[in-house]
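Both of the next two complexes hold chain A, though its partner changes from chain B to chain C.
Coming up: the complex of A and B.
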C-alpha cells in the first residue's frame, strides 16, 4: 500500500469515481502527476475539482477507484498521506479563537519531526504575520497566507492548492503566488492546484488538466496544448454550415457567413481540409491563449450535452 | 500554550472549545451553594443542634443539588464533542492534519473528564466536608441508602447524558440537537419503565431505581460504542 519509489508518480488517480446520490461528481478519473511537476486543475464550477482534491486528501471516500500520493493510498492510509501533503483550501476553517502562534504550535505538534522551524519563521517574516494576532482578526489575504505557511512548513513532498486565491485582492494574490513560487523554486515540490484564473496556470503550471462534469477532457503540457489548438476562421460563400467538420474539432459556431472552429492537434492539413470543403471563400488560422482553449473545450462539451 | 505534545495540544483545544460549558457548569454548581449561604445568613431552617450549624446541613443538600444540576453539562459536553467542530467547520481544518481519529476521540474524552472534574471537585469537597460536619446529627441506614441511590442515579443519568449525546454528536452537525437528544433520554427511559410496570401490572412497591440505573448503563455503553465506531469509520471530518 505504501511502497514509495523514485519512479512512481507523485499523484496517481486510478478510475476515481464519486457519486453523491444521483449526481456523478467525479467520473472514472485517471491521472498521473510526475514528481516535481506542477499541474493546474481547471474546470467550470461543479466540474469535480474540489471533490477530487478532497478524496486525494483523504477526507472524502471515493465510490470507486483510488487516489495515491507517492504510492500511498489516500483511501487506505489518509494519515500518512496528510503527513506528506501540504494543503491550502479555498475557504480557511482554522480555529478562529486561536492566535497565529497557537495555530502554528498546534500544527507543529501534529507534524512532529517533519516540521521545519526555519521555513516557518522565514514564511512568517515574508508574510509579516503577527503570531499574537487572533485568527478571527486576520484579513482573508492574511488567512490564506497563514494557511500556506501551515501547508509548507512541514516540508511536504506534495503541495495541493484548492482555489486558494479566490476573493483575494491583486496584491494579496501576488504575495501569495510569490510565496508558492518561492517554495517551488527552493524545493522542487510537486504541486497540484485548482483555479479559475488561467493566468496563474500559465505562470505556474507545467501541465494542465481540464475537468468537466467529473470527466477529464484534457491532460497535457500547457505549451503543447496551446501550440496545437487553433481556431480556424472560415468565411462561407452562402452561410450554410458544411456537413463535415475536421477531426479534433472541439467547438464550432456559425454566425452569418462566419464559421469559427476550434481544433485540437492542429496540423496545416486540417486547414487544407477545410479549404477543400465546398462553399468556402476564405480560411484563416488564429492562435489561441490557454483561456480561449479552455473556454472552447468546455463550450464544446456543453453543446454536446445540449445536443444529446 | 506554545509547546507541548500533540495530545496536550488536542486536549487544550478541546478544553478551550468547551469553555462556555465549563463556565455554565461552575454557575450551576455555585447557584445552590449561594442559596444555601443566603438561607444560613438569613437564619432560615432549623436551629443548630448537636453543635452542627444549619449551614452544614444546607451545604450538604446544596452539594447534591449542584451535582444533579451540573450533570446537564455532560449532555452538552457529549453533544459538542464532535458536532461542535463540524458546526463551525473547524473539523475540516483538523481533517486535513495528520492526526489519527483515535487520538482525536481520546483527547475529547480526556477534556470532558477534566472539565467534569473541574466542575465537580469543589462540589464534592463541599459535600464531603459538610457530610462530616453533620455526622453528629446521626445518619441512619435509610439516609445512607437514599444518598447512595441518589448519587447512583445522578452518576448513571450523567453518564447516559454524555454517551447518548456523544452518539448523536458523531452523526449530526448540530451540537445543540445532539445535547437535547441526550437530555430527553432519561425521561423516555423513565416513561418507558413506568409504562412497562403498568402494562405488566408490577406490584405497588416496585422500585424502578435499580432498573433505571442498569438501563442507563446499558444504553450509555451502547451509545458510546456506536458513536465511537461511527466516528472512527467515517471518512469525512
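Coming up: the complex of A and C.
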C-alpha cells in the first residue's frame, strides 16, 4: 500500500496485543482513525489506554500486532512516527532544571527544519508561558501547556494526548482545550486522546472507543451509540424479575418493583417485547447521555465477569 | 450560545438549534455574518468538525449561505426558516415533559392544567394575547 494514499487512515491498530507477564494489558485490539477525525479513548483504570498509546508512540513494543501512523509502523520505525506525531504523555518528562526557553531551544534543535517558530511563539503567547521560568517551578497546568506547545510546534499531522486534562483546574483545562482547538482549526490534525471525562469526549471526539481489560467493547460514532442505546424502566407487579431480557441488553438491575435495563441497538419492538412479558405493569424508555451509556456497558461487563 | 455535553441530543444538533434560536431572536439578521467555524469552536469548546456539521445542516435548510473566502451569512428567508425549525425544538422539549408526566402517572387533565399554567406564567392570563 502506498504511504501517501489519501484514504488510508491516519492511525491504524492491527491485532495489537501486549502481555506483561501473566497480564494481558491489550488484547487483540484493531481500530482505525480516519484522517482529520478525533477519537476519544475511554475505559476504566487499567483498561489498556496508556499501554496502547505508548505502543503507538514507539515507547513500548507490542507482544503481537502492529500500530501504524500515516502508514509508518511504530514498531518498525518509531523515530519516523515520533517526527510526525505531537505527543502529550500522561506524565511529563521535561528536564526539570531547564528554563522554559531552554527546553524550547532543545526541541527546536531536535526537529530542525520541521520546527515552526511562528506556531511556537503564538502558543507561547496564548498560554502566557514565561521563557525564563524554570520547569520545576511550573504549575501542573503550565507544565501540560508547555508539553502541548512542544507537541504541536513541529506542525505534526497527528496528535496523541494521554489524559492531558486530568488533574487540571477548570481554568487551566479551558486554556489547554483552547490551545488544542486553535491548532485543530488551523491544521485539521487527526487526534487520538484518552480521558476519564465523558464531557471532553462529547466536546472533542467524532468517534469513541471503549476499552475494558484490554479489549475493545465499542468503537464507533458517538451520536449513533447514544441514539441507539436506551434505558428501559419497567414497573413489575410483584417484583419478580422476568427470565427473559431483550437482545442487546448490556446491563440490568432489579430494585423492588423497579427493573432497569440498558439495551444497545434499541428499537421500539424491544420495548414491546418487555411490555408483553408477564407481570409487567408499566414500561418507559429513557434517553441516556454518553456517560450513562459508558457506565452501563462497563458495569455490565463487570457483572458478566462475576457470573463466569 | 451554549451547549450541554451531558445531553443525549448530539452536539451538532444543539449548535444548529442555538444558531436558529439566535436568528429567530434577531441577534443575527438576514445579510449579516454569523460567527466563523473557528470562533464558535473555541467559544463553545467543541471540535471544529462538529461546528462544521451544524453549519452544513443550516446551509442545507437554507438558513445560512456561504460566500467563498468571506464567511457565512444569514439568508433573506433565514428568520422565517428559523421560526419554523424553532417549532421542532419546542416540540422536542414538550415530548420530554409529557414522558416525564406519564412516568409520574399523571392524567391528561392534570397535564393540561400544568401546560395552561405554564403558558399563563410566561404569556400572561390571556387578556393581552400575543
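In the analysis below, the second predicted complex is superposed on the first by the 305 of 308 C-alpha atoms of A that agree within 3 Å, B and C clash if a C-alpha of one lies under 4 Å from a C-alpha of the other, contacts with A are read in each partner's own complex, and residues count from 1 in each chain.
Everything below uses one rule, namely that contacts are C-beta pairs under 8 Å (C-beta built on N, C-alpha and C of every residue); 3 or more make two chains touch, one makes a residue touch a chain.
Since the structure is predicted, the reported quantities are computational estimates derived from the model, not experimental observations.
Novice: When the two structures are overlaid on chain A, which partner does A:226 contact: first (chain B), second (chain C), both, or neither?
Specialist: Second partner only.
Novice: Quick check for you: in the superposed arrangement, does A:265 touch first (chain B), second (chain C), both or neither?
Specialist: After superposing on A, A:265 lies clear of both chain B and chain C.
Novice: After the superposition on A, what does A:58 contact: first (chain B), second (chain C), both or neither?
Specialist: The answer is first: A:58 touches chain B but not chain C.
Novice: Which partner does A:281 reach: the first (chain B), the second (chain C), both, or neither?
Specialist: neither
Novice: Considering only the touch criterion stated at the top, classify A:105 as touching first (chain B), second (chain C), both, or neither.
Specialist: Only chain B; A:105 stays clear of chain C.
Novice: After lining up the shared chain so the two structures overlap, which partner does A:169 touch, if you call chain B first and chain C second: first, second, both or neither?
Specialist: A:169 sits against neither chain B nor chain C.
Novice: State whether A:130 touches chain B only (first), chain C only (second), both chains, or neither.
Specialist: Neither: A:130 stays clear of chain B and chain C.
Novice: Considering each complex separately, which residues of chain A are in contact with chain B in the first and with chain C in the second?
Specialist: none
Novice: For the complex, which residues does chain C have touching chain A?
Specialist: 5-8, 10-12, 37-38, 41-42, 45-50, 99, 102-103
Novice: Help me check something: in the complex, which residues belonging to chain B touch chain A?
Specialist: By the definition above, chain B touches chain A via 1-6, 8-9, 13, 16, 88-93, 95-100, 235-237.
Novice: Note which residues of chain A are touching chain B in the complex, please.
Specialist: Of all residues in chain A, those touching chain B are 57-61, 78-80, 82-83, 87, 89, 91-98, 101-102, 105-107, 109-112.
Novice: Of all residues in chain A, which touch chain C in the complex?
Specialist: It comes out as residues 36-38, 174, 177-178, 181-182, 184-185, 188, 198-199, 202-206, 222-223, 226-227, 233, 284, 287-291.
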